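So that you can tell them apart, the chains are marked A, B, C, D and E in the order they are listed, and the count of residues begins at 1 in each.
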Amino acid sequence: MTDASLVVTDLRVEFSGFVAVGGVSFDAHPGEVRFLIGPNGAGKTTCIDAITGLTKGTGSARLGEKELLGRQVHKIVRLGVGRTFQTASVFDELTVLQNLDIAAGRHRPAISLLRARRGVDPAIERALEETGLAGELTTPAGILSHGQKQWLEIAMLLVQDAKVLLLDEPVAGMSQDERTATGELLQRIAAKRIVLVVEHDMDFMRRYATRVTVLHQGRVLSQGTVAEVQADPRVQEVYLGTADAMTEG
Amino acid sequence: MTKKPWISLGGIGVFAVLLLAVAPLVLSDHWLNNLGKYCCWAIAAVGIGLAWGRGGMLVMGQGVFFALGAYSMAMHLTLESAGDRVPGFMVLYDPLAPLPAFWEPFRGAGFTLLAIVLLPVVVAGILGYALFKRRVKGAYFAILTQALAVALATLISSTIRETGGDTGLSDFKYFFGFVLNDPANKIMVFLIAAGLLVVCLLVVWQLYRSRFGELLVATRDAEERVRFLGYDPANVKLVAFVVSALMASIGGAMFVPIVGIITPAEIGAAASILMIAGVAFGGRASLFGPALGAMAVGWGQSSLGSTWPDGWTYILGLLFIVVILFLPNGLSSLPARFAAARRRPEQKAAPSAATPELEEVRS
Amino acid sequence: MLELTDIEAGYGRTRVLHGVTVPSGKVVAVLGHNGAGKSTLLRLAIGLIKPSKGRVLFDGEDITSLAPNRRVARGMAYVPQGQQSFGQLTTLENLQLVADGRREGRALVDAQLDRFPALAQFATRKAGLLSGGQRQQLAIARALITEPKLLILDEPTEGIQPTIVAEIEQTIMQLAAGGMHVLLVEQHIGFALQAAERYVVLASGHVTQTGEGGKAATSTVRAAMAI
Amino acid sequence: MHVDALIAPLLNGSAQGALLLLAALGLSLTFGQMGVINMAHGEFLMLGAFAAYLVQQVITASDLSIPVALPVAFVVAGLFGLLLEVTIIQWMYRRPLDTLLVTVGVSLILQQAALQIFPSQGVPVEKPGWLDGQLTVLGYDWPLRQLFTILLATVCVAALSAWLKHTSFGRRIRATVHNRDLAETSGISTRTVDRLTFFTGSGLAGVAGVAASLIGGTNSQMGAQYIIPAFLVVAAGGIGQLKGTIIAAWAVGVALSYFAYWTTGSLAQVLAFILVIVFLQLRPQGLFTVRTRSLA
Amino acid sequence: GARAGDEAAGSATSAAPSCVDTSGPTVKLGFLNSLTGGMAISEKTVSNVLHMAADEINAGGGILGKKIAYVQEDGATDWPTFAEKTEKLLTQDCVAAIFGGWTSSSRKAVKPVVEKHNGLFFYPVQYEGLESSPNIYYTGATTNQQIIPAMDFLASRGVKKLFLAGSDYVFPRTANAIIKLYAAKLGIEIVGEEYVPLDKDDWTSQVAKIVAAKPDFIFNTINGSSNVGFVKAYYDAGLTAATTPIISVSIAEEEAPAMGHEVTGHYASWNYFQSLKTETNPKFIESWKAYPNSSGVTSDPMEAAYISLYLYKALVEAAGSFDVDAVNAAAKKNTITFDAPEGKVTLDGDNHHISKPGHIGQINANNQFDIAWASDKFIEPDPYLEGYDWFPADIRKQLTDAAG
């Protein structure tokens, strides 16, 4: 099971005539940190939306044998596809622990919902360690900082035991150290899972991407390793600019 | 909430003793009967607390479910009193027509009890399924349920022969074979209502401390997000909605033998809103708040409404305004507020209870 | 231009800022880790939250208790964190909204549409349907329309494609060069220090370092952030 | 079937729909645009009706008094709305569902106050003489008063939509509702927007009250019968969608009228409610919807 | 407790002994009216006139020398509240009798409670008849004192086609059932029947049907503010008192002003009108006008309420006691009378109703009624219509059976 890949073929999404995603194909495999990049409005988030059932798309997105398109959101999640959002969304009123506990819940039988929680699930403890949130166990998620919320979201995906993690700009707003921590975290968790990251931070991409797909105007512009993609003049033109003009400390 | 569940359990115990043992000893028949009536509202209020306080569904039409229980019970008691004859009010309109077909099964005590439980479950199940699956929520949900209550009240008012119309059903002599006029039986009926209230409190106590309780709050605060954790929020809400409907129905059913009359006015917009007033007053999301709030509003109506009828209306109006404005979590949040005020300000306080935003409606 | 003195502020009973002082300067950068209180400081600067202690001076005038919209009228503009725009309004309406009532309002809108071609392309689309980066550009354009004296930017390049990041950074430099004052929160320390005349490092709501922009080394700033 | 049986309900229903629209118009501002669920809207309508009565005490010629009463009712109800906004609603924009409960309290108080201030049986509002008579449409003598209701509704709708469309105000309202903080920091005085919107929305209720006073009784209970239908109409039309509100009001009015023709008055009410509820089940966002990508 | 079938065996189920205490200088009476909610529109006046009657009686020395101390309760337009308050008045306040109620629903809510506690309830409003209770006295008209005179009046006017318009609740429905029976006998055709919920004012759809049906007369059993909407829609449609007059049984001097000039020329059937020329009426009107918070006009229901308190006084004084059984025994002698503003009324001790004159009034421009027709003598109350052969005996039997 763990070696099931995510295969997207000819994915199309239209919004009343406007083609946001026009036939995108790519695949992602366990063990790699796959990056999806491209100019603003290229259709990256829309791709994720379509894969997770938030918007309707045509074509195909398969996880192993299972077709994802056309299923309801929560059914797709139950197949092991988890995602984060461009703006973090956690349950503000619940504590970190409660947030994670709910995320872990889909593996429990329905009837256990009626019992109270006793102790902390080992999976949750592991996720807390991984994301460095152990100290915030009883903090209401609403008062976590922006970055902590993003980690919490990743932790929720971990306890959810998602096979596919679709992360939409997970390090946006994070400081450099935090980015590094997050990147290392992603590399660790990617060992057994499919990780697909949408990011604009090229430095971050360079350090952690194994393979990259570049979207432009709803189509795949380029695909390959970091080096290949960076070398592609079309990518430089529409997205990167004069490649290493990035001033990053 | 879930931190000290055993203290809450102790609270329920004390409450039960007060209600079941102390009240019958110290209260006059009249006030015991009134207390019984408040218990019925409190049972419905506990359900509202679950659906609204925890689940974010502002159910403004609990009158509908209250009516299902109440009319089921009232039809049974009417038939019990009428014996073989057709109930008197029906004779007036069409002396020769038989009993309407849907009345017939209510002759049976077993069927009636089953109906009190199953009718709200089925109706709320279907209604909730239809609404939640279509993601009807927030203000839409509130207004829709309110409209349903109004529609049902109008329907009952206009079907005089079938339901007694605006006058309602009254003049019950027996309660499952017991003579209602007998004071001893009145106490028994009270004890049943009070006992059911305690049971309902225990049920929500367990629900609140369970994982389901947390999931419900999560659904209230970020329904779409719950979807992305692999749950169908419609189901989560449905469970809370059905349980709350069941409680309203039970409250309605006990209302009938205690008060001796049920009319459409008890289920329409105003009555449904009054139930909510109690819940808001007591504290929508707390365990005891809804029940105590409903009882307090009932008591206010009985006593202040007597001594100062014009004033009571103003008081009730002001109650709504002041409580919602200054104490959105009701009176039961007062102790916590005082405690928090005394604590050191550096401590992190949870953001104030977020009520579902209208924004949700639009997503 | 803008001076914050000894600010204490927070949310409800939660204290977030402890005695924070931010000096006046042409371009002032505020640096810090997640949750350090940077956004809180900017929200306070524009007036969305009120300090429990301390003063806010703008152009030498005490504006501590002035409502945000009055601050905007006096020449402040604010781009919040998180690509916020009025989702129900079209892109164009988002801009007109701010231009309304200003002389040359139409020209101001057109100027911004020229600056951000993506916005011109989607002028009639509801802003809520734009991509994250497009929304961020819209937010910056909206702020610039008011031709502010002081521009407050909360992580303006977050979620923006590199080519445009470069443009935005250039734009900020240009604006600053043109006389606009800027209060900037930015995670790209390199750029922030390059652009800033002065910088302030926040850690857990305390100021741990202040200094002059160009001269500071990123390593010392990093160290201050980690305190 | 006689042609009357088809035409009469259509025309009567259109007038009923127009009254409903007038009642709902203010709500489409305060509820649809601002998100405030004002359950006292019906009582603002009542205030408008009483204002019409008071105007008639001064200007006794009803031919003249009603035209004067319209703006007066607008201002009176509007001022009450403003008062409500300043004292209560302004603290509650972030808790829209709670506004519902608060305003229930306000409506209880206003009703009781009206009961105590005015004769309990209500007061007469005389129809202007120029509204006596009927217009014959395809053999049906259509009361002129119904035509007047429709005209009044049309004028109000036109004025409102012009105001929202052709002034920047509409944009500002929508911006304020969508994101208060962002609007404020974009230089919009959200307080002014709130107050003006609430004033206008409540004022429209007052105008509706004048129309209602020409159709039914002017008493403390009159507002209660409009509030739920008006909310249903706004919801069915799609939040914040003026054209949706118009269509929904007209459809409900006509449906009510046909149902009343075929069945009984009570059943018509029930059926109309059920119709809207079923409709909202099918189209939970109403006739016209605005989609955004936000998860909230 | 007692089970079904036990009740005959013992008195365990009957009411606890009355707690009424009249040993002091006062007697406690309860007034039960809706002072809030929808019916407050009508019932406030009744409450007020009860206070006036009590003041008058106290000024005249009270009942059996005891001053009336009244307890005013609010029924809040909510029938269970009427039941609750009745029980409170009887068991907590220990009042000797209760006065009030307006809608039939409120009366029906009170009935089982007064019967259970063997209390007394005086009900002051015209109603649909077909009821009697040992614990209730009815001082308003029953059907044969209001509906039937109205029908006789219509017959005398040669009406052939009648339309029935009513509010959708028990009184109009029952009244119309009786009207239809009697109309058949009189040879009047019922050309239509329409009901609108009590709380709805808009009658336009229904009036369109009336216009199409072209009746000679409209029989109006609409209650409350809905009447205003009806009259306005009627007038809008071009109907006039000259062509299609209305006869109402709920529009009195109190209600007419709220309808404006549009109601002028129409008829109402009542027993009492302010314009009646009787010996006692002028004083009644004057006292009322002078009474604080008075509405300035007198009307049938308030007059009936006024009667009810005096009737009680007469009953108690005839019985020489406040005891309910003694009062009922005194009534049985059929000698209790009162010089009411509508004339000298006599209590029927068997059915607890009073004799009344029948009057039809026509509304004039001052919202007063010009008497258009009067019964030749006082009409004896006949709640079960036993004296009317067109009323089916089997219905009567079923009704009395059902009432137990």
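Observations, loosely collected:
Just so we're on the same page, a residue touches a chain if its C-beta (ideal position, glycine included) is under 8 Å from a C-beta of that chain, and two chains touch if they have at least 3 such contacts.
It should be emphasised that the depicted structure is a prediction, and the values quoted were computed from it without experimental measurement.
Any chain touching subunit D that also touches subunit E appears here: B.
In this structure, the chain pairs A-C and C-D differ in their number of contacting C-beta pairs, and the larger number is found at A-C. Of all chains, the one whose mean C-alpha position sits at the greatest distance from that of subunit D is A. In terms of the distance between Cα centroids, subunit C is separated most widely from E. Chain geometry summary: the mean Cα position of subunit A and that of subunit B are 44 Å apart. Centre-to-centre separation between subunit B and subunit D, using Cα means, comes to 31 Å. Look at where the CA atoms of subunit B average out and do the same for subunit E: the two points lie 36 Å apart. Counting partner chains per residue, subunit E shows two or more touched chains at residues 36, 168, 195, 197. Counting partners per residue, subunit D has 112, 264, 266, 269, 290, 292-295 as the residues that reach two or more other chains. Residues of subunit B found to touch two or more other chains are 154, 157-158, 222, 224-225, 310, 313, 348, 351. Of all the residues in subunit C, the ones that touch subunit D in their complex are 46-48, 67-70, 72-73, 77-78, 80, 84-89, 93-94, 96-98, 100-101, 126, 128-129, 142, 146. For subunit D in complex with subunit B, the residues that touch the partner chain are 31, 35, 37, 88, 91-92, 94-98, 100-102, 104-109, 111-112, 116, 228, 231-232, 235, 239, 264, 266-267, 269-270, 273-274, 276-277, 280-282, 284-285, 290, 292, 294-296. Considering their complex, residues 2, 5, 206-207, 209-212, 214-215, 217-218, 221-222, 224-232, 348, 350-351, 353-354 of subunit B touch subunit A. For subunit B in complex with subunit E, the touching residues are 28-30, 33-34, 37, 80, 82, 85-89, 91-93, 95-96, 154, 157-158, 160, 165-168, 170-171, 173-174, 177-179, 181-188, 259-263, 265-266, 301-302, 305-306, 309-310, 312-313. Residues 52, 72-74, 77-78, 82-83, 89-94, 98-99, 101-103, 105-106, 108, 112-117, 139-140, 142-143, 156, 160 of subunit A are the ones touching subunit B in the complex.
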